[in-house]
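Read from first to last, the chains carry the letters A, B, C and D; within each, the first residue is number 1.
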Amino acid sequence: MTAWLTLMAVGLLVSLGAALVRVWHGPDRADRMIGVQLAGTSGVAVLVLLAPVEGWVALNVALILALFAALAAVGFVKSASTDGGGDPEEGEDPVEPRPVGRNADG
Amino acid sequence: MTSPTLYALTGAALIGIGFYGLIEAQHLLRRVITFNLIGSGLFVFLGAVGARNDGFDPIPQALIITGIVVALSASALAVGLVVAHSRASGRATFPEEDEDA
Amino acid sequence: MADFATYLFTGVGLFFFVAGSVGFLRFPDVFSRLHALTKADNLGLGFITLGTAFQAEAWRDAALLALIWGLVLLAAGTVSQLISRDALRERDEK
Amino acid sequence: MTLIFDAMLCALTLGVALATVLGCGVFRTIVFFVVYGLLLSVAWVRLDAVDVALAEAAIGAGLTGVLFLAAFGKLTRIGVEAEPSPKRFHLPAALGCIGLSGAMAWAWFALPEPHRPTPDLSDALPRAGVENPVTAVLLNFRAWDTLLEGTVLLAALIGLWILTRDEDWHHRLGRLQHVRSGGVMESFGRLLPPVGTLVGVYLIYIGADQPGGAFQGGTVLAAVGLIAALAGLLRPPRITECSWRMALVAGPLVFLGAGVAGEVFGVGFLTLPGSIAEGAIFIIEVALGLSIAVTLALLVIGPPEGGDSE
């Protein structure tokens, strides 16, 4: 059983490694943030698989990763909004033209 | 080759990678991040030392926990300085590097 | 019996993770990639938590596994909505 | 099999670290650094350091990401130009860094064999008052380090606040956060904090016996507070608010009080006698956890920035 669970965890890491190729290439910022989300979910899955092997206390770490899986992405959409404190869902937000530097790097 | 050895070598390699990044970096945010890479490489090395011979050594772990938290606070201060510098000068690099380019 | 369930469900879970990664690599635009990833990965994580729950020694651990999956679902739902909105706006501005 | 897993994890970590350093564009660097933090928290579990993994999970996967992404957003709004030029590959620098890594690797094989657990520590542990050896080291045997560390956090926060522009001094910390009412972000900000607060308090509570404690729980609570602040549900305080200042210094103050009490009762500064160690450590942990949580959250939120003055 230990060997099987570890094998599954190795498979997850391989799958994550392949997905990170997309994070490297992008092209959009959104693609890269989706990659962070994928890494978070994979990390949770690896820790869940390791829990019977390493001791169930590893689940506490998985729980924390799951809690904050969305934090980076929320921070991203916040900082990408016009004034740095907005929400992409706010339709009636006055959209001002952004500084030129924004799309030049990423 | 045991697992702690593997992680110790990874830590050693991370320190080298981080140093290279720090030397090459021009953008100040990138400098802060690569500096963090060096720090976490050291933490991994220290953690591997604590895990040698299937041991469990709480002293390195306690040092690493405080280290991680201090690294975050130092990064926050550094990021604040980077933002203040950029606001004052309009650029996120140091002037001498602009002359180089 | 419990071991067999673990083999089966974790295997299926890994399959969904791999499928999600392939979709993330191969799909043509950001919205279909988002779709591939959030759907496939959360299903995959669901199967993996289910498979691992058969090894749990205490009910507490099984409940914790369920909570973890629920939290990841919540995060994935939120993130996919927010990122796709942001990507939409970015595309409109181009 | 576990060795294959470790090798795979190490290879992936190194690959992500290389991508962080070599990729063009600061945004890509930030994203890879967040992924790196995630991988590292798995590595800590494999190194039998669950206490470290708990702290790394909340910091590496949560707080640093928000910190750097917010800074990136600020820089682009200031109008800083993109990162200059694709970089050339510096061979001498690369060789020097490879030499550094080689020296570290040599140091690993040259280290003397350890005696573990060290005889002093295994003698002292029963007198520590707590079961979790990491907590025993942090709050009892090496209390000096931990006390000074709490002070360092405070110093960093004061340093950050010094960067405030004069006209912003009386504003709330950070930027004004606003969300669509009833939208996804607001619902997320309502659903998560109750669960997260429970987890953080639980980690502080079990810190005496199991992996957890003031640092781990404090970082979790900081990230929870950050979520509530980003969702606009918890408005960050002003620098001048007294109750928040008290929360910042509570941990170091209680710690210092316990240390002075030890001196007064003649057992020595920051020495906890075995009979009261358990209760004292618990009180210190609660106060320190609170202070760490507030300090880290305010550090990530940053100095006050008023409205949209840029």
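Here is the rule we go by: a residue touches a chain if its C-beta (ideal position, glycine included) is under 8 Å from a C-beta of that chain, and two chains touch if they have at least 3 such contacts.
This is a predicted model, so every value here is computed, not measured.
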Could you compare the number of C-beta pairs in contact for A-C with that for A-D and name the larger?
-> A-D
Could you state the distance in Å from the CA-based centre of chain B to that of chain C?
-> 31
Which integer distance in Å separates the CA centroid of chain A from that of chain C?
-> 12
Where the CA atoms of chain A average out and where those of chain D average out, how many Å apart are those spots?
-> 19
Where does chain A touch two or more other chains at once, residue-wise?
-> 16, 29, 33, 35, 40, 63, 67, 69-70, 74, 76-77, 80, 87, 89, 98
Which residue numbers or ranges of chain C touch two or more of the other chains?
-> 67, 71, 74, 78, 81-82
The positions of chain D in contact with two or more other chains are 2, 26, 44, 46, 63, 72, 74-75, 78-81, 83, 184-185, 188, 192, 195
Interchain contacts, given as pairs of chains that touch = A-C, A-D, B-D, C-D
Contacting residues of chain A [partner chain D, same complex] | 2-3, 6-7, 9-10, 13-14, 16-17, 20, 23-24, 26, 29, 32-33, 35-36, 39-40, 43, 46-47, 50, 53-55, 57-58, 60-61, 63-65, 67-72, 74-80, 83-87, 89-91, 98-102, 104-106
Where on chain C is chain D touching in the complex?
-> 67, 71, 74, 77-78, 81-82
For the chain A and chain C complex, residues of the former touching the latter = 1, 4-5, 8, 11-12, 15-16, 18-19, 21-22, 28-31, 33-35, 37-38, 40-42, 44-45, 48-49, 51-52, 56, 59, 62-63, 66-67, 69-70, 73-74, 76-77, 80-81, 87-89, 95, 98
The residues of chain B that touch chain D in their complex are 1-21, 23-24, 26-27, 29-30, 32-34, 36-37, 40, 43-45, 47-53, 55-59, 61-66, 68-70, 72-77, 79-84, 86-87, 90-93, 97-98, 101
Please give the residue numbers of chain D that touch chain C in the complex, ascending.
-> 184-185, 187-188, 191-192, 195
